[in-house]
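I have a structure here, written as structure tokens, and I will follow up with some questions on it.
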Amino acid sequence: MALLEVDDLSVTFARRGQRTVRAVDGVSFSVDAGDVVGLVGESGCGKSVTSLAIMGLLPKQPGLRVGGKAMFDGTDLLQLDDRSRRDIRGRDIAMIFQDPLSSLNPVVPIGLQVTEVLTRHRGMKGDAAAKEAAELLDRVGIPDPKRRLKEYPHQLSGGMRQRALIAMAVACQPRLLIADEPTTALDVTIQAQILELLKDLVRGSGTALVMITHDLGVVAGMCDTVNVLYGGRVVETARRRPLFREPRHPYTVGLLASVPRLDAGRGERLNPIPGSVRDLLPWPEGCAFAPRCTRRVDACVGEPPDLVLTHDGRSYRCINPAPLPGIVPTTAAASPTAAASSIAAAESADTADGDGPAPVIGAEALDAGTPAGGPVPAPREEEKS
Amino acid sequence: MTIISGKKREKIDRLAELAAREEERGVSLWQDAFRRLRRNPAAIVGAVILAIFVLVAVVGPFFVPYGPTDTIGIREGVVRVGQGLIPGHSAEHWLGYDHQGRDVFSRMVVGARQTLLVGVVATMIGLAIGALIGGVAGAAAGLGGRWGRWIDTTLMRFIDMLLALPSLLLAVSIAALLGPSLTTVMIAVGMVSVPVFARLLRGSMIVQSNSDYVLAATSLGVRKSKIALAHVLPNSLAPVIVQATLTLATAIIEAAALSFLGLGNPDSATPEWGVMLADAQQWIGIRPALAIYPAVAIIITALGFTLLGEAMREALDPKLRK
Amino acid sequence: MFRFIVRRLLQLIPTLFGLSILLFIWLRRLPGGPETAILGERGTPEMRAAIRRNLGLDEPILIQYGRFVRRMIRLDLGTSISTKREVTTEFLQRFPGTVELTITAMVIAIGIGIPLGYLAARRRGQFLDHASVGGSLIGICIPVFFLAYILKAIFSENLGWFPSSGRQDPTLGATRITNFFVLDGLMTREWDAAADALWHLVLPGMALASIPLAIIVRITRASVLEVLNEDFVRTAEAKGLTENVVRRRHVLRNAMLPVATSIGLLTGGLLSGAVLTETVFAFSGIGAFLADSISQRDYPVLMGFIMIIAVVYVLVNLIVDLSYSLIDPRVRVR
Amino acid sequence: MRASRPKVAIAAVAAAALAVAGCAESDREGSSGNSKDTLVFGVAGDPKVLDPSFASDGESLRVARQVFETLVRPEEGGTKVSPGLAESWEPDAAGTTWTFKLRSGVKFHDGTDFNAEAVCVNFDRWYNAKGLMQSPDVTAYWQDVMGGFAANEDDTLGESLFKSCTATDPTTVSLAFTRVSSKIPAALMLPSFSIHSPTALQAHDASNVSGSADDIKYPAYATEHPTGTGPFKFKAWDVPNKTLTLERNEDYWGEKAKLKSLIFKTISDENARKQELRSGGIQGYDLVGPADVEPLKGEGFNVLTRPAFNILYLAINQKGNPKLADLKVRQALAHAVNRQALVDSKLPPGAQVAVNFFPDTVEGWNGDVTKYEYDVEKAKALLAEAGASDLTLRFHYPTEVTRPYMPNPKDLFELVSADLQAAGIKIEPIPLKWSPDYLNATTSGDKHDLHFLGWTGDYGDGYNFIGTFFDRQKDEWGYNNPALFEKFKQADSTADPAARVALYKELNADIMNFLPGVPISHSPPAIVFGKDVTGVTASPLTDERFATAEFKS
């Protein structure tokens, strides 16, 4: 039984005068307790909107319409009234945002910003709260927490700020943690530290983590399951390894191919995906990716492609998928950054103990793309590096 | 600087962004702004009000039924303020007589022209002088150097002094200096807005001169003075123009205030709403309407200018755009 | 902090000096002198000449200015030509009124403006929003003195709820200590007097508040709208904080920064409005008195008052700056 | 820490306030509240000084009239000289020495006895004025009436009319003058000749007008301790509240005041006064706008109309434009102005068109003088004759001022200039602020052709009007007419009243023939009291006595 089960979630903004925007268009995925799930895609593909919709944080405005379901152990978050939503937020589901500076209140001391969560959800007050806050800061690796409590965001370094944010997020040991591009705004070196921190926090504590990112390096480093989004829909879902080894959806292929490779010959040039997210086709009229797709066939345009389930339980949304076995680079080595390789290392570490037994494949499980099949040996390139 | 400039500064930052935007993408800022204006209902309302106002002001006076100074009511002996007699609206006098037995409707129409005149000229004066001072200061600051800074500070100190005086008091003093007349009102009201324009232009120019494209130009070895004139000044004008629109509104109101203090334009041949309102206060007991007509006219007109001005500010302001 | 204040106060000196020169030149440029103001219809040219001589107005302007400066240094502002009372006395008797009026106006403007602005922003696009924005527009566009008349006509003449003029019912024969009538009333425990003084402040306060109220509503609304889009508000929401906490701690505290600035500016500017309001409500303050003094050519009063006002203005702004650094930890006065 | 700092500040202030509150003491005895024995009266301006010797403004004099008394005073509601502190008076044969029989048993507010000595102390005080007290700024009326001091410190001052005061016995005082003058005894009704308590003058050293030339300071007496014999005593001057409180003089020699206390409240704006009366904050006010008379009456307020004791005229400056030296042109102007219409439409009920330069209530008024009826054609003809058909005149008029004789100058100007233009005269309007700009421009130099000015009589003698205007060469008129001036001197120095009145009649006739300006109107200023206030009689000299005022139950 999944912890969070998002089913056909759609978000549309209708503005007077302009044609309605479908930011999220029937996204479905699920997250098991303790699981780390990635939502990957170029910016503008609806990753963040999805997360905000789940949290009920989309700015209230006329014309905003949220459809579908988001079952969080039994209750549909989308149907909740404001009060009970507030009760769940921060206590059961917490969120970490992209830009740590702008995400912290500049005129309120860090301490208060941490304690207020404790006060709200754990009824802690005064010294008790302060003490707990200090411990939290300590736990997320902020040195000299006592002093930090009194300081203001602008007095902290970027990494420290993100740690502080994380401290606030995990203050109530939430069962689900949503991290929206938590490392994008940070220096590469810091990125790694933060990712490590997140890993440590979720491991053991049984907290599930939804990692929203465009950085395949991050995905490779952390996620058990990956959902690739395009144009507001999940176009491919797979366990991490299969996805990297043999991506089926041309978009995924494109994504991976566009990552620079260390071992690529000098002459070889990167092959980015032509065009941009802007020029997509509305799903009802066919495959949104069609305009940019290298494997496009006439049938792509006309009606939306259905979700295809494959033998090993992965799923993709394409009528002319990349052939098997595809020659696919793995990000680990491919990604040139120190971060990536460190991730690779980390990953090789935790792949050993595997992902535990695969759950029974039920219809909706398949639909949600929970894969079957055990761990897959790490790709060759890895040993090389 | 005191906090006075604090508010300005944020305006200035915005201007900087805005000018920067203009630099990066070729589309004219103004076209862009205009497109947004057309979509803003407030702007439309304001524009319509002003259109009507200007139309009345320009052509109206040629079609008024009676002369604005023609004291019919007194000749016919129907107006006797001594006995508290000021007849109200009738078939031939749509808005009735005023205390001098003149046709109020005709005076309102002719008054529109005067009011517009006062507003525009006053604003022009304020803009001209303010822009001159601010421009020089800004340019000087931009050029830098000991002299540049010196000029800048002295000018700004002067402006600070003007700001330290309550605006209306400034106007009253000027009026007292020149004696009541239409020109006096214009100058007095104009002077009040000088500091605002000066600070605004100076501030934006300074931001401009620190902006990337100016640095670029400098690095290309363009003469500083040339930059100041060719790039900085033009790009600094946007907020000034917005401010001018808003000032038009306040100018009309300030003029009314001056009239109330008895420093308004005394020439009855060229009635102005402010004066009419001030005069009417005296007969408010007998005929409130005499006060209400010009008051409402003033409010609506000022509203028109403000609406348009605010709309323009939003249209030109990248920060508010989202 | 301390050094900051000192530097600011030092900056004041050249400003005042320049101001005094400007004033002096301006005053002496005014057509006619105080003599006619003093004598009225009955003055013969000889009498006027005599007075000019007495007042030393026939001496070269530099000498006059010299005399003025010498007095200023002794902090002696001279005596009013028309009332023959010390300028400082005149000021101390009238300034409190204006201060009380200004405070009332600001209290009204802030007390109504900020909540209204906040609600308008929260209910963006709904009725309340349009209403308050429209209202504030009109508030800016309506001539203060006209508004004052309307308020009086309605609440005083017709309904008789409020007194229509003055600062206090003279028949109370209240005691004067600081000339801040409300304060005096409290200090001397003449509660009725204090209450009456407050009562007299309501209408003029409302009239004077119209413009600042309008502006505060607009600024608050704008800045709240801006803050609502900030990430940290989203963070706060994500923490599941109660609406109340989010509003107070996260939205308002940030939204107040620009509002604080404008409040400082407005308070300084209120004096202009005071000139009109005080006239309409026969309210004894410096605004109306200054206007009179100009027509009376009461040079000493004008010089003295305007100098003091300039100082006050700068001080107000100084206080604003300091308070600003209190609200916003990022701003540190150096 | 940060958040708490403001709290601390507030706490501190509160604490301070309380601390002060501890020591501050209420110094008011049982406040009268708004009971029926306190009258609050709205006035247009603050009094400037409480010692009438130094006062020339109406509001100061209004107060003085309640607190002080003069030897002779105007009859109630009239202008005739009637007994005040003196029961009777008579001049000697030469008419230069006047002997006054004083009322006995009169005490000043400070308990000092009123007697001949006291009178002389006062006159000597004025006569022997030294230093700054000789400034026309300080003793305007004395200089206006007496013309000089014992020792003039300014050569522009002339020989003093007053010579000496001798107290023959406690109730008999005689004033000696250097020459016969029309002003005596009428001028002694002026509040500026109020008799002060010698002890009080001494105690608060009233004559010590200190300070340097350019900042004159009045002595405490003039601002805090006015001590007279009047029916009201000075109690408090609450400058910050713009109110001045008088209280009943319990041991007044005559009939005691009905009001326990009388409060003058300054409300400079005319409408504000009206609104305050309506809202009940005041129970009466002065300077009622002509337009308000009827409405207020209609609402049941007691509107009293003072007998018109003033004149509004259109002055013509013959220096200004040579054409104006031509009598025909001046006559043309007189014919061109429709004075009747102006009076009907602009002035309160009871106003009349003026045929002399003083109202018919003053002895010496002459109904049989050349009158200039409204006749545009005639005006045009006269102008043509004088070859002045294309005349352009600079017409001065004052802004934002209301004089008893001139309610709304601007309105009047608009009417008159319209009339003149109808007669083919071009008008260049020159509006100026009443004081000082307007008065300067019109009474000095020769830059003015036409302007409005007027006069409210100080006392019931014709010379106070026409003498003030015409008895010597003045920049206001810019003509030189020795014959006329001579006649004035003669009239002024005629001791026998009857003979003088006869001369006034002639003068009026001469003036209307010579036509230095056009007399326009006498308009009755109104004063209003609350619906339940009675007992006040309107006075042409604005000498209303509040002692008789009472609330009728």
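Chains here go by letter, A, B, C and D, matching the order in which they are written, and residues are numbered from 1 within each.
Note that in this section a residue touches a chain if its C-beta (ideal position, glycine included) is under 8 Å from a C-beta of that chain, and two chains touch if they have at least 3 such contacts.
What you are looking at is a predicted structure, and each value in this text was computed from that prediction instead of being measured.
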{"item": "Shared chain contacts [subunit A and subunit D, defined touch]", "value": "C"}
{"item": "Central chain of the complex, centres being mean CA coordinates", "value": "C"}
{"item": "Per Cα centroids, the chain farthest from subunit D", "value": "A"}
{"item": "Distance between chain centroids, defined by C-alpha means - subunit A, subunit B (Å)", "value": "54"}
{"item": "CA centroid of subunit B to CA centroid of subunit C, Å", "value": "23"}
{"item": "For subunit C paired with subunit D, centre-to-centre distance based on mean C-alpha positions, whole Å", "value": "36"}
{"item": "Subunit C, residues touching no fewer than two other chains", "value": "31, 149, 153, 229, 279, 295, 329"}
{"item": "Shared-contact residues (touching 2 or more other chains) in subunit D", "value": "271, 433, 437"}
{"item": "Shared-contact residues (touching 2 or more other chains) in subunit A", "value": "none"}
{"item": "Touch-based graph of the chains, sorted into line, ring, star, complete or other", "value": "other"}
{"item": "All pairs of touching chains, each written as two labels joined by a dash", "value": "A-C, B-C, B-D, C-D"}
{"item": "Subunit C to subunit B touching residues, read off their complex", "value": "8, 14-15, 18-19, 22, 26, 29-31, 137-138, 140-146, 149, 153, 222, 226, 229, 258, 261-262, 264-265, 269, 271-276, 279, 287, 290-291, 294-295, 306, 309-310, 313-314, 317-318, 320-321, 324"}
{"item": "Residue ranges of subunit B touching subunit C (in the complex, touch as defined)", "value": "2-4, 6-7, 10, 157-158, 160-161, 163-169, 172-173, 176-177, 179, 249, 253, 256-257, 260-261, 274, 277, 281, 284, 291, 295, 298-299, 302-303, 306-307, 319-320, 322"}
{"item": "Residues on subunit A engaged by subunit C in the complex (per definition of touch)", "value": "52, 55, 57, 59, 62, 82, 85-91, 94-95, 97-99, 102-108, 112, 116-117, 120-121, 152, 154, 165, 168-169"}
{"item": "Touching residues on subunit D, where the partner in the complex is subunit B", "value": "270-271, 274, 289-295, 341, 344-349, 351, 399-400, 408, 410-411, 414-415, 418, 429, 431-433, 437"}
{"item": "Subunit C residues touching subunit A - in the complex, by the definition given at the top", "value": "125, 228-232, 234-243, 245, 249-250, 253-254, 257, 327-330"}
